[in-house]
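Before anything else, here's the structure in question.
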Amino acid sequence: MLILESVAFQYPRTATTYSFDMQASAGAVTAITGKSGCGKSTLLDLIAGFQQPGSGDIYWHDQPLNKLTPAARPVTTVFQRNNLFEHRNAIDNVIVGINPKIPSYGIDYDAAAEALALVGLAGFEKKRASQLSGGQQQRVAIARALVRATADKAPLIQFDEPFSALDQATREQMLSLVKRLATTHQCAILMVTHSIADCDAIADARYEIRDGRLFSL
Amino acid sequence: MQLKGNRQSLLPGFVVSCALFAMATGLLLLLFSQQGNNSINLGSRYHRILAWTALQATLSTMISVVIGIVLGWALSHRQRFPGRAVFIALLSSALVLPTLVVALGLVTVLGRSGWINDALQLAGFDPFKPFIYGLPGILIAHAYFNASFAARTVLNRLQSIPSSQLKLASSLGLTPLQRFRLLEFPALTTALPALCTTIFLLCFTSFAIVLVLGGSPKYNTLEVSIYEAIKLDFDLGRAIGLSLLQLGVCALLVLATNRSASVLSIGAPARLTTGLHYSKTEIANQYLVIVTFGIFFLMPLVAIVSDGVTGDLFKVLLQPVFVKALITSIAIATASTIIVLFASILICSSITTLAVRQGAEASLLSRLMLRFINFSATLYLVIPSLVLGLGFFLLARQTGGSYLLWSVVSLLAANTLLVLPFALTSLSPAMIKAANRYDRLALSLSITGLARWRLIESTLVRPELAYVASLAFCMSLGDLGVIALFGSQDFVTLPWLLYQKMGSYRTAEAAGVALVTLALTLFVFLTLPRIGTAPRET
Amino acid sequence: MKFISLIFTALISTATFAQGKPVLTVYTYDAFAADWGPAPGIEKAFEETCNCDLVFVAADSSIGALRKIQLEGPQTSADLIVGLDTNIAEAARATGLFAEHGADTSKVTLPTGDWSDKTFLPFDYSYFAFVYNKENVATPPTSFEELIALPADFKIVIQDPRSSTPGLGLLLWIQQAYGDKANDIWKGLQPHIVTVTKGWSDAYGLFLKDEADMVLSYTTSPAYHSIAESDDRFASAAFSEGHYLQIEVAGILQSSKNQQLARDFLQFMLSDTVQDIIPTTNWVYPATSTEAGLPEGFQSLHLPEKTLLIDGVEVEKQRKSWIDQWVDTLGQ
């Protein structure tokens, strides 16, 4: 369970203040909606550790995250785009999630190959990331999130509008993948989106950001 | 997109390109056709000179690129510290700093009785042996200029890495080395070949630095050998032979990597990626790099200022020859600036027409024209200024007429060719952007020619024009190339005067001249672009 | 643009502007034209009688002055060149730019005897030697071989044979003394050389700043310190190989529009007036015996027992290959 308690934040030299309270359970998909620029990405940055809150606490299973570096947090973020190291092949991009040395054989390699197969990319292991389509790239990113979750490195996965650039058919495949991550692997999923349809399809809980605050819907 | 009916902007730029090209070919033909007393030869040492020139250029390139990458890397990760903007502005200005001024500054700091040796002795250590004259001095000076330039380019590339990828690297706990290997180095690879070629060419044709810091004939580059063949031996046959050799090598290099000038652009996208996590050692390393190079970069300039002020500044300022040099230099630089502005505006209009308005379905002819125009603007990289100067010099001898007049003409021509590649890389993207945005509107309203220029480009590309003007002025002011051939008591410029004073070891007076040159350069380079940015349309 | 061209015209015209009087332009090396050199005295004396404006234009070295004339070709503004020597005279003659001097040389008294060259006129001479400060160098080397054998931190400063007549003189000195072994001497000298300067005054300036222990100059140079500065610390090192003789010459450009005035000037160079100016300004021996004779202080100078000099024609035949070899040796 992810818990945010009065997490306050303000960008330097700006007037907008944020104050976030929320919970997200493991095994469930929690959707976050809101207008453009309302602070959705800021929320994810705070959880991932890319920004430090001015006050308030973030807990994961009662463990405080505030003091931890991004790498030490149990969080994987899948961005809208640019999730991959483009000159490396698909499987390297998955392995790097659990082993930055990127071995070309061994347990980690096998785990990554399995994850790629799970997202429907068996046979694409050696394909360069830059040669994959947008949908395939996002699936590689999800495969990485998957191996990280399985290796117990990052059971909390955040999606930052990950499917907005994809066509309808691919999008539905992705959504079911995400749902499966939550249910079969007991991950906590945070999904920022502006698509009501996405929420309807897989969200177990919903929040909306308005005026720098989170409201449970 | 294909818009017809706006072709008149094609012609002037094409004519300018043709003129540049004709001038270059004409001078080359003149070099080829030299007959008579001087039979063209390469001298007995050419293979050694060539090998040495290539070796020092290779070493200089490697050192500059490595320092450039390290410094660019450190700056890209340290987004906020006091003086960052100034430091980056200074890095950009390395492009226009007069080479001799920096060489003098380096000698003041690193010379046999330089600051560092003085400090060592004060601290009770043995002074190091003199090393600034010779290969180390040449490499250090080349690194000074080209590493700054490389760092600027590297910083640009690194700042254009998507922030999500950086966050990703941070999230995955990659070590700095892993991050560099996976993320940063790949971002550089597209720029590196062109960057390396450009730096290699600049070092290969390096003149002033080798002339002053070379110390002995051992370290002569081709360019300096050409100079010596003319000035010391008056062996025009050998000068022409060596010029042709240099031309051949440079042309091969430029052709091998076409569009090598594309890395010369130095405008940077702003990026603010906060929250990336760095270990204490990493931050310390980054600051160490920045501080070290900052000191290396600033010390020679500080030395010039301090020596210039404490030396015979007023004595120097009152010398008639100095006043004459100052006036001549400013006049030459102003004239060069005007010529460069006109030439680059005309050429860029043509490039824009060819690149934008004829778009994807460009005919073979227009594609060829675009290539030709682009090539004409990078002539300088192929034809170094001494070769150009030699051509003009032969022309002066053949046509008779005032020697001084030809000196002025050749200096203006050399300056124009020197600045054009840099001018085009900053101006043409802005012109193309303006065209993309307003072409349809302007055409539909039938606004063309000067009226269009006043309405659209004069406002939209004003910052770039101001930048080009400052580049042209500063580079023309500080260049010691052709003037080394043509300089005399009757025709003195600041770099030439500085070279004379340094050559006769009158260091105090040299520092005075250097200080004035430096102050003038930095003043123009840092203030002129501001004038341009004031009324910018948003 | 008009404004700029005006400035250029102004700059250019100042060079040739003079009020009615003919201008006689003399190219020479910097030390000759310096405030403390012979030029100011000569200019003052000559202008008293010539009704002309005598202008000395200083190049950064002697051969540099010749190259400048060659560069400028027939359009050169020089009427005369002063300061070449017999070693480079043949090269200058080969350019075909020079006219006969037409001066009476009967008064010339040189160690080589009578003067027969009709193009170049001698005006002074001396012997090349290494000059040192007795306080810094207790026992100077007495030959090139001794100099080579000294520790590497014993430094000398020399001139470039391509630009400076002393530099060329040293090359010929070693060449004549050692013949085929000359190159070995240069290899031995290389670690002792601080730097190779373009002209004499640069080298001497460095020596006076203590950047080197010895400088290539003349046996007569210590006279400057003893006479002008009452400073007896300086001396020239006597070398057992003998010392190479330098005879400095002047010549008239064919392109000169002031031929008669130029000839007058050259004859004037041999007059007692100029010949008496030379020892205490150029610090060498005059080319004639004047009534006043040599100034006090010159008698005590070291006079070489053995004089070396290679015939100018022979020098010109070999100069290029010797210089190429020199560049190669120093370039290793």
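Each chain carries a letter (A, B and C) given by its place in the written order, and its residues are counted from 1.
Following the convention adopted for this analysis, contacts are C-beta pairs under 8 Å (C-beta built on N, C-alpha and C of every residue); 3 or more make two chains touch, one makes a residue touch a chain.
Just so it is clear, the structure is predicted and the values come from calculations on it, not from any experiment.
Enquirer: Taking contact as defined at the start, I'd like the list of chains shared as neighbours by chain A and chain B.
Expert: Common neighbours, chain A/chain B: none found.
Enquirer: Which chain pair shows the largest tally of C-beta contacts?
Expert: B-C
Enquirer: What is the chain whose Cα centre is as far as it gets from that of chain C?
Expert: Ranked by distance of C-alpha centres from chain C, the top chain is A.
Enquirer: If I average the Cα coordinates per chain and compare with the overall Cα mean, which chain comes out closest?
Expert: Given all protein C-alpha atoms shown, the central chain works out to be B.
Enquirer: Taking each chain's centre as the mean of its CA atoms, how far is chain A from chain B in angstrom?
Expert: Those two chain centres are 46 Å apart.
Enquirer: Roughly how many whole angstrom separate the Cα centroids of chain B and chain C?
Expert: The answer is 40 Å.
Enquirer: Centroid from C-alpha atoms only, then distance chain A to chain C, rounded to Å. What do you get?
Expert: Roughly 83 Å, centre to centre.
Enquirer: For chain C, jot down the residues that touch at least 2 other chains.
Expert: none
Enquirer: Under the stated contact criterion, what part of chain A meets chain B in this complex?
Expert: Residue positions touching the partner: 45, 48-52, 69-73, 75-77, 79-83, 85-88, 96-97, 100-101, 160.
Enquirer: Quick check on the complex: what are the chain B residues that touch chain A?
Expert: 162, 164-165, 167-168, 170-175, 178, 182-183, 186, 189, 274-277
Enquirer: Under the touch definition given earlier, write down the residues of chain C that touch chain B in their complex.
Expert: Against chain B, the touching part of chain C is residues 1, 4, 7-8, 11-12, 15, 30, 57-58, 60, 63-64, 66-68, 70-75, 160, 162-163, 195-196, 198-199, 201-202, 205-206, 209, 211, 320, 323-324, 327-328, 330-332.
Enquirer: Under the definition above, what is the set of chain B residues touching chain C in their complex?
Expert: Where chain B meets chain C, its residues are 43-45, 48, 112, 133, 215-218, 220, 228, 230-234, 324, 327-328, 331, 334-335, 338, 393, 397, 400, 402-405, 408, 485, 488-491, 500, 503-505.
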